[in-house]
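Same chain, two partners: chain A is paired with chain B first, then with chain C.
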Partner chain A sequence: MTAQEVRLCGLLLQEHFGEVVEKVGTHLLKSGAQNLRTIIHETGLSVDLVKKSLCVLVQHGATTFSSGRKGPGSPTEYHTSCDRILRILRYPRYIYTAKTLYGDTGELIIEELLQRGHTTMSSTVKTVADRLTQNMAEGRTMDYTEVSLTFSKLVETHFLQRCPPLPGVGNKDSSAPSETPATPGTPAAPVNTAPPTPESFPECYKVPSVTLIGRGKRQLASEDGEEQRSAKRAKMDPETHGDEGIYWQVNFERFHLHFRDQTIISAVANKLDQTSSEIVRTMLRMSEVTTSPMATCTKPLSANEIFRSLPPSYNILRPILDQYLTLLVDDPMEFVGKAGESGGGMFVVNLHRALANLARATLESVVQERFGSRSARIFRLLLRKRHLEQKQVEDFAMIPAKEAKDMLYTLLSQNLVQLQEIPKTPDYAPSRTFYLYTVNQLPTARMLLQNCYKTVANLIERRLFETKESKRLLEKSQRIEAILASLQASGAEPEQLTEVEEMITAPEKQQLDTLRLHINKLDSAENQVDETIFLLESYINSTNASS
Partner chain B sequence: MLTAANRATTRCWRSASPGVQVWRCSGSALTAERICVTHPSAMAAHGRGQRTLSFTMETVKGDAPPPSVQQPTPVFPVMEQKPLPLTGGEEAEYLLALKQDFRGAMRSLPCFIQPLVTNRDVERYSDKYNRSEQMDKLLDWAPGEAPPTADWKRFPRELRVHVRKPARDSVSAAVQSPPPPQMKKKGVKDKEEVLLKLESLEKKEEQETSEDEEGETKKKQEEEEAEGEEEYDEEEFEEETDYIMSYFDNGEDFGGDSDDNMDEAIY
Partner chain C sequence: MEGTRTNQRAPSAPHPEPEATSVRASFRIKELCQQFPHGITDQVIQNDMPHLEPQQRAMAINKLLSLGQLDLLRNSAGLLYRLKDSQSTSKMKGSDNQEKLVYQIIEDAGNKGIWSRDIRFKSNLPLTEINKILKNLESKKLIKAVKSVAASKKKVYMLYNLQPDRSVTGGAWYSDQDFESEFVEVLNQQCFKFLQSKAEAARDSKQSPMVQRNSSFATSHEVWKYICELGISKVDLSMDDIETILNTLIYDGKVEMTVIAAKEGTVGSVDGQMKLYRGVNAIIQPTGLVKTPCGLCPVFDDCHEGGEISPSTCIYMSEWLDF
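Moving on, here comes the complex of A and B:
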C-alpha cells in the first residue's frame, strides 16, 4: 500500500462514494485492520456515518471483516485493500467488454452489478429489464426470461460469480434457511487466517433456479402513474423468487484474463498480420477452459487441432498454416512456442513470456517518448546485453562519447538504469573497479507502475480543480438547461426558448466548451493510463505467481 | 570478464556507503566472496529516488562533475519532448461516455453518502425540523435494494442501525396508522405529523442506545449526543398528549397580571 496508491484510492472513493466513505476508507488503508471503535475514535466522525460507510464498503467488496486477532470473542476487524478500489478505474472497460460479448443486455447487467456491488439475480434482472424497456420503442417491453438468459450466460462463462457465504461472524444464523440446500455447509466459525476466495466454494458458478416471470415496466411520466406504481410495488416487494441470500458479484479476474488475451492478439496483429492473429485467437479460444489463470503457458495444441478449429472464413491451406506457425515460433517476441513434434507439431501460447515482452515494450516506449530515440537505443541495448561498461555502450549504440555519457547520466538520475560496481581490489580504487550499467526489468516496471498511479491521481485532481473553478458557470448552465427542458415539455414558443438560451452569453458558452473539452481530455487520459496500469500489473503478478 | 559479471546476479549496492554487501573480484577470475555484512539501516537509506551519484567515474576521467542541485525540482518542469496525443476513435469516446455516466449514476445512488451540511448563515426556525428529516434520510439507507429487503445477515451485527424498526412500527401501529395516510393525502404539515416524526426519531435513538448498552461499551460522546436529543423530545412527551407543551397556556398566570391595574373591570 504505497502512498501513491492510497492517494489514488482516496480520490476514487471520494468521486464515487462521497467524502465520508473516503475518510473512512483512507483511514483503513493507512492503518490496516481495525475494529469499529478505533475507527470512530480516530476519524472523528459520528457513529452512524462510520457504520454506514463501512456498510457501503463491505457491500462493494472493498472491505472485508473478520473476527478479531485475539480470538472469537474480540470485536470484528475491518480490512481494506487497495486492489479492489483501484479496479474502479477499469469499470468502463468491463462494461464495454460485456457489451461487445453479450450486447446491451450484458452491458446493463454488468453496469448494475458494478454500481450496487453485491445483488441478487432477481433484483438485477428486474432493474435491467426496466432500463431496457425505457429505451425501447413505445409499447414494447423486455421480458425477464431474456435477461435471465444473458445472466446465466455470463455466469457460465465465469464473468459473474457468487459472493462467498460468510462464516458466521457474530451471527450464528448466517446460513439462511431460504438458501438452496446445495450450498456448501460452511463450518461454524473456525478462525480463518486467510479469507476464502469465492472460487473455493463449489457452488460458485451455479445459477439458482429462480422463478422470474414478468416483463419490464416502463416508467410513466405522469405523477399518478408513479403513485400507482409505488403502491403496487409496495405490495409486490414481499414476493420471493427463490434466490434469497444468493448474491452475485463481478469476477474481475476473468475479465482480466480476457483483456490479457485481447492484448496478445492485437500485439500479434500489429507485429505480424491479421491471419497470424486469427491463429493465435483460435489457440487461445481452444484453451480457455483448460488453462488455469496462473498458468505460464496454455496446454499444447497440435497443428491438426488448430487447423480444424480455425474459423470457416479463414480457409487457408494446411501447409500455409504450418508456415504461419513456424513464423510465430521464430518471432523474437516469443508469443507461440513449440512443445513437441507429434500431431504435426505441438504448439503453446507462452502467456507469461508474452506479458514480459509486452511490459518490456512499454518500458522502451516510455523511455523513447520521454528522452528521445537515442536514449531509447541505449535502454534497449542494456536490456538485451544486461551489463555493459560505458565504453561498450558508446560502441554498441554508435553514439559519440560525450552524448552517450549525458544520456546515461540522465537515465541514471531517473532511476531507469542502475550502476553496478565490480571491484578488482578490496580498496575500491576507482581506477581498479569495473563500473557496469544495467537495467532490471521488474523493479523498473514496479517504479513505472507507481508513476502511473501518481499520474492518474494528478489527472483526477486537475479535473476536480477545473470543475471547482467553473462551478458557478456550470451551475448556471445546468439551471438554464432545466428551464429549457421544462419549457419545451410544456410547449413554449421558439422566441421564449431563444430568449432563455441567450441568458448564457457567447464568451460564457465558449468557456463552457473549453471546460467540457478539458474534462473530456482528462477523463480519456485516465482511461488510457489505466491500460498501461493493467499491462504492468499483469506482468508483475505473473512474476509473483511463477516465483 | 564481462560474461562472468553477467553471472553475478545479485545486485551490488553502492560502495560509497559503509557496510555494503559486495562481490569480490580478483584480477583474472571472478570469485564470489562475501566481504562484509549488510547493515539494515545503510540499506534503508537507498530508498527509491534517493540515489545520490558519487560521480566517481567522472573524477577518474578528469571531467568536472555537473553542478549539484540545491533546491527541489520545479513543480511543472519543462519537457524536452512533447507528449503524444491521446488515442481518439469510437471506442475511446464510448469508454469516456461510460465513465462519465457511471460517475453521475453513482452520485444518485443511496451509497453516495454526503455528510450533513449545515448552512448556518442565519439561524432558521425550520432548522430543528429539517435536521430530523435529514437524519431520517441518512439512517433509512440499508444494504440491498429497498429498505424492507435489507439483508443484514451478511454484515456484522455491530453495523446494524435499525434492528427492530418493523416491530416497533407495528406496536404503535394502532395509534399511528390512521394519521399517516391522511397526512400524506392532505399534504399539510400538522403539528401531529411533526410530533410523530419526533416520536419515531426518539424511538430510534432509544433503541440505539439500548443496543449500545447491550453490546460493547460505546464512547460517552455518542451517548451524550443521544441524551441531548432525548432531552429535547422529553419536553413534548411528558404527558403523552397530542399538544406541544410549550404552546399550552394553562392559565396559571391569568389572574396575577392584573393586580397592578385595578381600575379596569375584569372580564
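Moving on, here comes the complex of A and C:
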C-alpha cells in the first residue's frame, strides 16, 4: 500500500461514497487491521457513522472482517485492501464490456451489481426489468424471463459469482431492497426460485479465494427455467423468491481475463494480420473456462480442434490454417507456442510471455513519448543486450557520443536505466571499474505503475477543482433546468420558456460548455490511464505467480 | 616480423682481421640474406662459411650494419640478420641514428599509428628530442599525423603513404573526425522504406501466408545492393556497415531479423548463414499514460496538492484541456 495508492483510494472513496466513508477507509488503509473501538477512537467520528461506513465498505467487498488477533473471543478486526477500491476506476470498462457481450440487459445488470456490491438475483432482475421498461416505447414492457436469462448467461460464463457465505459473526447489511415499489405497467412474472440445493461450499476463507466459491451454475440451472407464473396484477408485493441469503457479486477476475485476451488479440492483429488474430481469438475462447487465471499458458489445443472451432465465415482451408499456426509459432513475439505433435500439432497461447511483451512495449512507448525516439532506441538496445558499456551503447545505437551520453544520463536520473559497477580491483577505484548500463523490466514496471496511480489521482483532483471553481455557475444552470422542467410539465407557453432560458447569458453558456468539455476530457483520460494500469498490474501479478 | 628490432651491435671482435677476408665475408653474408629474405641466423652463416672465425664474422656483420644494409632482429631463437630493402636505405640517407630509430618505431606501428608518448617509451629518448625528430620527419614527408577519433586531442603518427586504420578514423560514419549523424539518419530511413515497401508488396500479393511472409524478407545483401544503387553515399559501404544500420532499425522496433542457414555459394552468405530483415508494425498503440500531460511532465516528481506545482494549478493541464 504505497502513498500514491492510498491517495487514489481516498479520492475514489470520496467520490463514490462520501467523506465519512473516505475518512474511515483511508484510516483503515493506512493503519492495517483494527477493531471497531480503535477506529472510532482514532477517527473521532461517532459510533453510528463508523458503523454505517464499515457496512458500506463491507457491502462492496472493500473491507473484510475476521476475529481479532488474540483469538476467537476478541473483537472483530476490519481489514481494507487497496485492490478492491482501485477497481472502482475500472467500472466503466466492465459495464462497456457487458454491453458489447450481452446487450443492454447485460449492461444494466452489471451496473446494478457494481452499484450495490452484493445483491440477490431476484432483486437485480426486478430492478433491471423496471429500468428497461422505463426506456422502452409506450405499452411495451420487459419480461423478467429475458433478464433472468441474461443473468444466468452471465453466471455461466463466470462473470458473476456468489458471495462467499459469511461466518456467523457477520453482520451483513444488505442494501438490496427486497421490497420494490411497484411500477405501473410491469407484467408480474416473478421468478420462482426454489431453495438452492446445498452446494459443496468449502470452508469459508478469511481471505476468500473466490475461484473456489461461487460457481453456482448448476444451482442456477435448477433455479432458472422454472415455471414462470404470469400474474395479472401489476403491483408487486414483497415476496420471497426463495433465494434469500444468496448474494451475487461481479467476478472481477473473469473480466480481467477477458481484457487480457482482448489485448493479446489486438496485439496479434497489429503485428501480423486479421486472420492470425482470429485464430488466436478462437484459441483463447476455447480455453476460457479450462485455464486457471494464473496459468502460464493455455491448455494445449490440437490443430484439428482449432480448425473445427473456427468461425465459419472465415473459410480457411486446413493447410492454410497450418501455415498460419506455423507462422504464429515462428514469430519472435512468441504469442503462440507448439506443445506437441499429436492431432496435427498441439498449440498453446503463452500468456505470461505475451503479458511480458506487452508490458515491455508499454515501457518502450513511455520512453519514446517522453524522451524522444533516439532515447527509445537506447532503451530498446539495453533491453535487448542487457548490459552495455557507454562506448558500446554509442556504437550500437549509432548516435554521436555527446548526445548519447546526455540521453543516457537523463534516463538514469529518471531511474529508467540502472548502472551496474563491476570492479577490476578490490578497491572500487573509478578508473579501474567497469560501469555497465542495464534495464530491469520488473522494477521499472512497478515504478511506472506508481506513476500511473499518481497521474489518475492528479486527474481526479483537477476535475474536482474545475467543478469547484464553477460551482456557482453549475448551481444556477441546475436551478434553471429545474424551473424549465416544471414549467414544461405544467404546460407553460413558449414565451415563458424562452424567458427562463435567457436567464443564462451567452458567455455563461460558453463557460458551461467549456467546463463540460474539460470534465469529459479528464474523465476519458482517467480511463486511458486505467488501461495502462491494467496491463502493468497483470504483468506484475503474472511474475508474482510464477516466481 | 619475426623478431623485435634491437639496437645492439653484434658482439665485437677483439683482434683486427685482414681486409680482404672481411670484404668477402660481408659480400657472402649479403648474398645469403638475399637468398633467405626472412632473415638468417648466426648458425646459417657459420654453416656456410665454416672457415670464418667468429670474430671475423662479427666484424663483417657490424660493417654491414653500420652501412645500413643489414637489419638486426631478435626473435625467440636468437639474433637474426635481414637484408634491408634498398628503397628505405636511400630514404634514410642523411638522417642520423636517432631519426632512424624513431622512423623504425613508427613503421612498426603499421596503419594504426603510434602516439608520441609511446614513441618516447620505446626509444627512451627525451621528449624534446622526439618532437624535433618528428618535425624533421614530417617536413621530409616521411610520416604524417592523424587525429584519432576516439580521443580528439590525441595525434597518432604513421608512415606517409599508409591509409589510416578504421579504428582511428571511425570508418565510414566519420568524415574528418566528425560523426555524420545526418548521413546515418538518411541511410536509416532509406533502408526502412525499402523494407517497408517490400513488406507491403508481399501483403498485397494475397498469396498463402507462408509465401507472403517469406517474400517480405530481404537479405542484408539485397539491402546493400539497393543502397549502393541509390548512390546516396559518397564512400563505399560494405555489407557490415549496412548491417549496423539495420541493427539500429531493430533497436527502433521497426524491423525484425532472423538468421537462416544458406549454402556457402549463395550470394551474400557469410559462414553458411544469411541474415534476413523485414519491416514490422508496433504491437500496441501508444499507451494511455502518455496521452495525459502527467505522463510527459518534466516536474512530475515535484507535483503534489497544495504545493507550488499541483494538479489544480498545473499549466500543462490547462493548455491540454484547452487544446
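Just so it is clear, the second predicted complex is superposed on the first by the 478 of 547 C-alpha atoms of A that agree within 3 Å, B and C clash if a C-alpha of one lies under 4 Å from a C-alpha of the other, contacts with A are read in each partner's own complex, and residues count from 1 in each chain.
Here is the rule we go by: contacts are C-beta pairs under 8 Å (C-beta built on N, C-alpha and C of every residue); 3 or more make two chains touch, one makes a residue touch a chain.
Please read all numbers here as calculations on a predicted model, not as lab measurements.
Chemist: Does chain B (first) or chain C (second) touch A:L412, or do both, or does neither?
Modeler: Only chain B; A:L412 stays clear of chain C.
Chemist: Between chain B and chain C, whom does A:N357 touch in the aligned arrangement: first, second, both, or neither?
Modeler: In the superposed model, A:N357 contacts chain C only, not chain B.
Chemist: Regarding the shared-chain residue A:P311, is it in contact with chain B (first), chain C (second), both, or neither?
Modeler: Neither chain B nor chain C is touched by A:P311.
Chemist: So, A:K521: does it touch chain B (first), chain C (second), both, or neither?
Modeler: After superposition on chain A, A:K521 lies in contact with both partners, chain B and chain C.
Chemist: Of the partners chain B and chain C, which touch A:P400 in the superposed model: first, second, both, neither?
Modeler: second
Chemist: Go through the superposed model and pick first if A:L327 touches only chain B, second if only chain C, both, or neither.
Modeler: Only chain C; A:L327 stays clear of chain B.
Chemist: Output check: A:L436 vs chain B and chain C. Expected answer is one of first, second, both, neither. What do you get?
Modeler: After superposition on chain A, A:L436 lies in contact with chain B alone.
Chemist: Tell me the contact category for A:R370 with respect to chain B and chain C: first, second, both or neither.
Modeler: Touch status of A:R370: both partners.
Chemist: Comparing chain C with chain B, which touches more residues belonging to chain A?
Modeler: On the superposition, B touches more of the residues of chain A.
Chemist: For A:F465, using the defined touch cut-off, is the partner it touches chain B, chain C, both, or neither? Pick first, second, both or neither.
Modeler: second
Chemist: Residue by residue on chain A, keep only those touching chain B in one complex and chain C in the other, then list them.
Modeler: The answer is residues 369-370, 521, 525, 527-528 of chain A.
Chemist: Applying the document's contact rule, which stretches of chain A touch chain B when the two form their complex?
Modeler: 15-21, 36-37, 40-41, 45-49, 51-56, 58-60, 65, 75-76, 91-93, 95-96, 111, 114-119, 123, 127, 163, 166, 169-171, 173-174, 176, 237-238, 244-245, 247, 369-372, 386-390, 392, 409, 412-413, 415, 418-424, 426, 428, 430-431, 433-436, 440, 447, 520-521, 523-528
Chemist: Can you list the residues on chain C that touch chain A in the complex?
Modeler: Contacts found on chain C: 173, 179, 181, 184, 188, 203, 208-210, 213, 244-245, 247-248, 250-253, 256, 258, 280-292, 294-296, 300, 303, 305, 310-312, 314, 317, 320-322.
Chemist: Quick one: in the complex, what on chain B touches chain A?
Modeler: Result: residues 1-2, 5-6, 8, 11-12, 14-15, 22-27, 30, 35, 48-49, 51, 53, 56-57, 59-60, 66, 80-81, 83-84, 86-87, 91-96, 98-100, 102-103, 105-106, 109, 111-115, 138-139, 141-146, 148-149, 151, 153-159, 161, 216, 218-219, 222, 225 of chain B touch chain A.
Chemist: Which of the residues in chain A come into contact with chain C in the complex?
Modeler: Against chain C, chain A makes touches at 263, 266-267, 270-271, 273, 275-276, 320, 323-324, 326-327, 332-333, 357-358, 361-362, 364-366, 368-370, 373, 376-378, 380-381, 384, 396-401, 448, 451-452, 454-455, 457-459, 461-462, 465, 514, 517-518, 521-522, 525, 527-532, 535.
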